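The following pair of complexes shares a single chain, chain A, combined with chain B in the former and chain C in the latter.
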Partner chain A sequence: MTFDEEYYNIGYLDRLSYQDTFVHNLDPRVKLITTMLFLFAVVSFPKYEIVALFPFFLFPVLLLTIGEIPLLFILKKVALVSPFAVFIGIFNPLLDPVQVTVLPGLTLSAGWFSFCSILLKFLLTVSTALLLIATTSFPGVCHALRQIGVPSLFVSQLLFLYRYLFVLAEESMRIIRARDMRSYGRRGTGVKVFVRIVGMLFLRTIERAERVYYAMLSRGFQGDMPALRNFRITAADLAFTASVMGCLYLFRFYPVSEKLGLFAQGLF
Partner chain B sequence: MSHHIIDFKNVFFHYPDGTEALRDISFRITHGESVGIIGANGSGKSTLLLHMNGCLMPSSGTVNIGDLYLTKKTRQEIRRSVGVIFQNPDDQLFMPTVYDDVAFCPRNLGLDEDAVRQRVHDALSLVNGLELQDKPPHHLSGGQKSSVAIASVMAVEPDILAMDEPAANLDPKSRRLLINMLKTFHHSKIIASHDLDLILDVCRRCIVIKDGTVVADGPSTEILSNRALLEENNLELPLSLQRS
Partner chain C sequence: MHMADALLSPAVGTTMWAGSVAALGYSSRKLKENIDNQMIPLMGVMGAFIFAAQMINFTIPGTGSSGHLGGGMILAVILGPYAAFLVMASVLTVQALFFADGGLLALGCNIWNMGVYPCFVAYPLIYKPIAGDGTSARRMSIAAIISVLVALQLGPFSVVLETLLSGKSELPFSTFILFMQPIHLAIGLVEGVVTAGVIRYVKNARPEILQSSGAFRPLDTGISVRKVLAFFVIIALITGGALSWFASTHPDGLEWSIEKITGREELAVQERGIAPVLNKIQEKTAFLPDYTFRPAVTGDPEAGNGPAWPSIEAGTSVAGIVGSAMVLGLVLLTGIGVRSFKRR
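Take a look at the complex of A and B:
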């Protein structure tokens, strides 16, 4: 994939957040808090836990279907960051060789369980975080953070990160285009040019930062970002929070998968 | 009631690397005047505009805005009355959505949320940009960004408007809308631009800057028809005057 295509791909995530569904219309704070609780619940499981994690897929799946987010898009993004999780866990089967019997005749080292557990937790947390952004928009999440009391300094850093990510990407795109146009197919023309391009980009960024700061000062910035828009909590928000919290509690402290399995066994 | 006077007296400015950007600039702009600032690339136009609200402080000389003498203490106050619109709208629009960006100034003034909403609404309708309000700036076209940048400054109803190349990214229709809007703005305005037709249209008076100093100051019609002066400054006659 070329750089250009990659760039337009970034913008897609917040185009998704323009939609008008039940999930999109929930108060950003509510979504943020429930997502945080969800993340805590998932990572709080002990390291060999696998079965009890499955019920948690309900939450991202619901967000995905009700929010009408394309599944493939989220999976692709998750796959993109998966190497991190894989490398964290890949040596567990070797480092943790205690043999555990799974089925009669099949024994595996305990490391495989912790590895699978890491992968499941990764899948759950990353997809949910992506869904939060895709249904709330990045600025929405920032507003919510500000309103639940995160210091303005951190939130404004995030806001600037988001705003200038695109400007920087566009700037790199222009430089790379200009280079390709004049390098006549001699791909990249080596590390030397690349290093100088990066240096160039860095200098331009500093200059831009200065101009942005002037623009902020000109418009009355005095070290504190102004308070952001107020949202209103509706009955739907409360109902959503209550049901998510209830489910999380249930999934965390009762062996739901086991009970379901026993129930299913009882049926046949 | 302060009168919106801008008074530069023997202003010098050099950048930390030693580049002399302004050399002995003096001029006085009175209430309600519209002034074009023209000159070659690198003649000091943008630096001059950054002095209007204290983003840069003169190395020597004085700047007076209204009744206030520009110092580090007074510049916050001065910034309330001087709206500066930067050349590159990506520098100007730093908030994640158009609404938040236009609301940045009014919120900094401590207005309540209803008043802010009203200001944003008024400012965006002034530039025909109401439907853009929930978009992030990176999804806007160059011209839309320029309009929003103007709205973001108009939202505090400044007494003095200083603009750096306001029409650079605009298509002819948006440029015409901008010109009409500028004509309805009755406070003092200062426009630095290479678009001499725009200056001829909007500004009564024109200041020519060369190497950081004023080389000509007079009525636009006179200066912009002076072919020798313009060509000396890497400029040429406005298109509307070339035909005759």
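Take a look at the complex of A and C:
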């Protein structure tokens, strides 16, 4: 996986976020806050917890299906960033060798439980965070941040960064192409050339910033980026928030999986 | 070295968020005091520049592997610490949202590890004194290399601390440190050389950029370094204090609050007689006391205390497994149901 493929994916995520579904139409603030609560609830479980984490998959699955986001795409992106968490977690089974009996005849070391717990939490948190941006346009998220009270300077910074990301990414892909054409194998990819390329890119960036600034001045820029769309909290937003919070509370404080299992055992 | 949500406890995540938000608020206030409107688009485009520069790989000399730029220090030198911090934070936010690099809870940690250290520690304390007034290219290069090295040692060190205080990983402190620090020493060296090179290139090609951006640097004009330092020492103390308090007594806030409400934890401890004494000894000797000795109070069937596992009844754990399978099945069914309903 090369960098530019990742960057094309940014464009894809951006396109996904402009669909017209129930999830997409929710207020960005509502989605941001419920997502944060969800992350908190998931991360707050003790380190050996596995069973109680499963009900939480309901939230990303609903976002994914109602928001009509392709599952494989999200899974691919999750896999792409997994190395760090997996790497840190993989030592748990070795370092925490206390044996635990799961079923009669099946014992595992306690570390496997904490490792699985890390993996589950990782899957839940990363996929939900990705789904947030796949169902909310980035300007929407920025607007929500501003309304929540993040300094407007920082919000403008995010909006600018996002706007010019695509422009500069294309520019630097042209540079990479030019370098590749002029270099054989590894020759020409050394630090010396890299420094010159980055320096050049930097100078171009500065010049672009100057042009952007004059263009903005001539269009009446006064130091802030106003939002075009006015978001309002609707009944659907409130209902969504209430049900998510209810579910989170239930899943966090009642052993749902276990109760369901006991119930099923009672049936048979 | 992005910190990940899954390795984080809510207490650590919140504390680091508090620290980063404080630094964000402080920076934007300081910037607003003497900002030129031209600075706003410049900062935005510089953020995009960092991304674009990260796309270009280069061959690391001697190893044959390839690396790419981090960029925090270049920003600090060119934009000054406050603007650079905001740019770095915005870059990390976009990375967290679009690449899921780290995650949203861990974003606080990441902004702290990769933003605060280069902009507010390495830049004012190391780069500025060594580089001086910026007339000597050699001094600027040395300053860039050393400051990047220091920033890239502090960052991973924080990652180690945050991971250990969260208690999700079993890695012992020493192993983790011995693994992280040398790797980042190498990364820091390469990054330092590249940073120095880029700064030198810019200085040769367009020296006025470095000079004019000096005007945007409030550290030079008016506000004393000492004041800024004092602020960060205080922030660090508060953060550290809060962190250690949380970590030593309440491994996670939610659970702690439940225990407060139900009082179950206290009862369970009292009943055990000798256990509290042992608990105390354990707490005094262990580096991270709570994780190994937490009684399973929230009804998690497979959870429990590290060394003294409760004897698990086969019944409950079977229920857990059956229940998990059922829950997963239900969730899947819901998903498939919604999908097919939507297709129609």
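Just so it is clear, the second predicted complex is superposed on the first by the 208 of 268 C-alpha atoms of A that agree within 3 Å, B and C clash if a C-alpha of one lies under 4 Å from a C-alpha of the other, contacts with A are read in each partner's own complex, and residues count from 1 in each chain.
We take it that a contact is a pair of C-beta atoms (placed from the backbone, for glycine too) under 8 Å apart; a residue touches a chain by one contact, two chains touch by 3 or more.
What you are looking at is a predicted structure, and each value in this text was computed from that prediction instead of being measured.
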**Asked** Is A:Arg208 in contact with chain B, with chain C, with both, or with neither (first, second, both, neither)?
**Response** both
**Message:** Just to be sure I read the superposition right, which of the two partners does A:Leu62 touch: chain B = first, chain C = second, or both, or neither?
**Reply:** second
**Message:** Applying the document's definition of touch, where does A:Leu132 land relative to chain B and chain C: first, second, both, or neither?
**Reply:** second
**Request:** Check whether A:Phe160 is in contact with chain B, with chain C, with both or with neither, and answer first, second, both or neither.
**Result:** both
**Message:** In the overlaid three-chain picture, which partner chain does A:Ala52 touch, first (chain B) or second (chain C), both, or neither?
**Reply:** second
**Message:** Output check: A:Leu13 vs chain B and chain C. Expected answer is one of first, second, both, neither. What do you get?
**Reply:** second
**Request:** Have a look at where A:Met216 lands relative to chain B and chain C in the superposition and call it first, second, both or neither.
**Result:** both
**Prompt:** In the superposed model, does chain B or chain C contact more residues of chain A?
**Reply:** C
**Request:** Kindly classify A:Arg252 by the partners it touches after superposition: chain B alone (first), chain C alone (second), both, or neither?
**Result:** second
**Message:** Quick check on the output: what are the common chain A residues between the chain B footprint and the chain C footprint?
**Reply:** 138, 159-160, 162-164, 167, 208, 212, 216-217, 221-222
**Request:** Please name which positions on chain C make contact with chain A in the complex.
**Result:** 1-2, 4-10, 13, 24-25, 28-29, 31-32, 35, 37-38, 40-49, 51-61, 64, 66, 68-69, 74, 86-87, 89-91, 93-94, 96-101, 103-105, 163, 167-172, 190, 193-194, 197-198, 201-202, 205-206, 209, 251-255, 258, 291, 294, 296, 298-304, 306-307, 309, 312, 314, 316-324, 326-328, 331-332, 334-336, 338-339, 342
**Item:** Complex interface listing, chain A residues touching chain B
**Value:** 11, 14-15, 18, 138-139, 142, 159-160, 162-164, 166-167, 170, 208, 211-212, 214-222, 226-230
**Item:** Contacting residues of chain B [partner chain A, same complex]
**Value:** 50, 53-55, 76, 79-80, 82-84, 86, 88, 90-97, 99-100, 103-105, 107-109, 113, 134, 136-139, 152-153, 156
